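Presented below is the structure to which this report refers.
The letters A, B and C name the chains in turn, as written, and every chain counts its residues from 1.
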């Protein structure tokens, strides 16, 4: 039963990633990232055979932060800059979804060659986390708007976090708290910078940030 | 024994398929706060059309007259091949899912050919759109069916639909089948020219895809085409229900009842979708169909991997 | 004591934010830097290694070397900062390149972030746990991004954005590497090990090879982004050229070293697991690519701050090659860390002086240094000679040691590429540097009499360059012992 629920959540996560790659409205992207954080929190709790108090507390705090606070910060940046859609990305949306499927196949192959030693999760979980990370990286590389790049960064951290919580379960909670704080601070600073970029340049198209070059 | 139920299913489809379409219209009317046309309206329309004559343009040839006939024949062939839940099809053999896809393709081909035969610009436009979108939907349909077939190791539709959900609700291939069903729902809407791909009630020719191809047909030909459309909708709905319905029993009569009930629910669902969405812009239609294709591909990867 | 090393700058940094008086803030900065430096000097007297926080923080040979460099450079930068901040006008400044007006960031944030930056770098150097190391490296990125955006105009904002994004992505990859490492430890017979470095080294034989290799690659690419190895170095030229000179000095001289240390820690684990050769080959590959890439890009560069930045990329490549060769070359690389940091910091500080007077970053415009800025001109020339590896400066010794290691190991191809890249870089930098030192600044509206230079702005780089000169002529024994001990942990025998 737990196995089926876990698989269902992994499939949901994969679908969320595909949605992230194929949607141009930034509001929908932020919503997807928030739901992704919830799914990842649920998966993290499911993968522990007997979660201790600190683990549950930390996962709850992380989920609250990533599903509530970070999307709120991105929304604020969106309001200040007035950007609603990513209209002209570097890689078009249909092509992005197809590339996403290709990346999923890649992550499946990678998960197969890296045999996970513990029985903490199915190999779907490993490929799901790798796919989430690749999605984040793809968003950073293939999109112009700075806000989408921040969302890509959050997605990437989500994937890495899920991998960490499910497989490196003996990571002490101090380190996990440190990781969480770092991600939070990074997004905070990025949010401030996006607003500054908008004020300076009147746009947040990072492809046009090309004054500095050799 | 099961053959009698299959025969019963085919007879039911032949008589009741226009009823399914009118159920959708009633649901849409309900959403619009109207009472809608009577449930038997499609039959009245068919009888009316059968009594009328047709006018054929001088630019048309035998293709134009053959189009509706071949279309109906192909739809009937597809009806004979499709199962409903645990009830097998009237004619089942290994590989019949390919034949099903290709009879639907044959029907589409002749409709398009007949449209092009008229030499009119409107029909040509509709033909080009239809062919472009169906190139994508066929991929989604075949991949989705292949995913389910790979999961249950069956190549005949009837075996496939009886093996699916064989372990009850907790069957481990449930995820694959759910993904494939999502894709098949999109294919159902696309192939039958429902919203969000095509508005069956529009009168603006430049926005039509399917309706505009039959703009110049009248009389008996139009009756044949309308009837074939209803049968095609029934076929694809039955396919979707066979794959997605998780309730299977051993009593054939109960299976038939469950299958028909599921078809009615599917009709209501399609009606709701039609009422809640607007038609997509034409540039977004391929994106949605590709998304369905990706879902089927995902289902296929999950089935094989 | 280790706690004091981290906490003193951290607390002072947080205190600096709300302080209103400029004088108080600057004294706080210098006091904290002096206290930090004093503590580090005291650490030289204590026998190594010593721990804190139940072994999570440690000061061993490598840590002490890097810590001394970091602390010394910060002290130099903070002394220079007093002069720099005094010189910065409060009114909006006119940009020389594009003519718009811009302001500067509030000084409180600048000094606060500087001190927090020092605290984060110290944490990186003394951490003995891969997880804490990661947290600290990310903290350095976060505290240094506002420093780059000190001059508030669009070029520095662009540089700061690229820096933040590229480094965060790289460090996220390093986090994944950390997790892969954690999975590698569970491959043993049902035991769970922590990521404490001594434990990793002790149980290294039981680590799963595939996961360990994957972890090393991810950590190399991830922290290599922060270190400035090509092809992940794209943030470096922009960030170094747009930030204030003392920030560039700290970034080049201290931050890149911290990232390097992180990679070195991972390499010790690999060596203990018997896969040191894999790690070394990867390091040589990335090192040679960095050197070659930087040498190519140095050839027709006209911006002297970008030139210094690419030179940093090249020297990071040299460090990677040195560690990759092992043995004598590893010891040379450890020495090179010290020499390069001192020289590069001095060069950036002098570049700051030049920029303040000439207000142009173009090599063709900022000419005639020896005539107009007498002391800075001499220092510039000395720095150029030093960074290109000319004797009698210390870089010559360390680069020669690395070359010796390559030749002794029979790695002719590596030695050949190494020499070729060094030669090209020498030609490019020397051409630009000489051009700036001599000639006349005909294109700029500045006076032709020599400027009076403030004491602090030249004393600080002068001390650093004298240090490099001394190291080129004489090797103090404690330093040599430290370098040898550091190189010994990296395998390859010395």
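Here, contacts are C-beta pairs under 8 Å (C-beta built on N, C-alpha and C of every residue); 3 or more make two chains touch, one makes a residue touch a chain.
None of the values given here were measured: they were computed from a predicted structure.
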* What chain sits nearest the middle when you go by CA atom centres? -> A
* To do: Name whichever of A-B and A-C has more C-beta pairs touching across its two chains.
  => A-C
* Structure fact -> Separation of the C-alpha centres, subunit B versus subunit C, in whole Å, is 67
* To do: Calculate how many whole Å lie between the centre of subunit A and the centre of subunit C, each centre taken as the average of the chain's C-alpha atoms.
  => 31
* Asked: Where the centres are mean C-alpha positions, what is the separation of subunit A from subunit B, in Å?
  -> 38
* subunit C contact footprint on subunit A (complex, rising order) -> 113-114, 116-118, 133, 137, 140, 146, 149, 153, 156-157, 160, 163-164, 167-168, 170-172, 174-175, 178-179, 181-182, 185-186, 189-190, 193, 196-197, 200-201, 206, 209, 211-212, 214
* Which subunit C residues qualify as touching subunit A in the complex? -> 129, 131-132, 134-135, 138-139, 141-142, 145-146, 149, 153-155, 157-162, 164-165, 168-169, 172, 175-176, 178-179, 182-183, 186-187, 192-195, 208, 210-211, 214, 237-238, 241-242, 297, 301, 306
* To do: Quick one: which bits of subunit A touch subunit B in the complex? Just the residue numbers, please.
  => 1, 4, 7-8, 11, 14-15, 18, 22, 93-94, 97-98, 100-101, 104-105, 108
* Partner subunit A, residues of subunit B touching it in the complex -> 170, 172, 174-175, 179, 286-287, 290-291, 294-295, 297-298, 301-302, 305
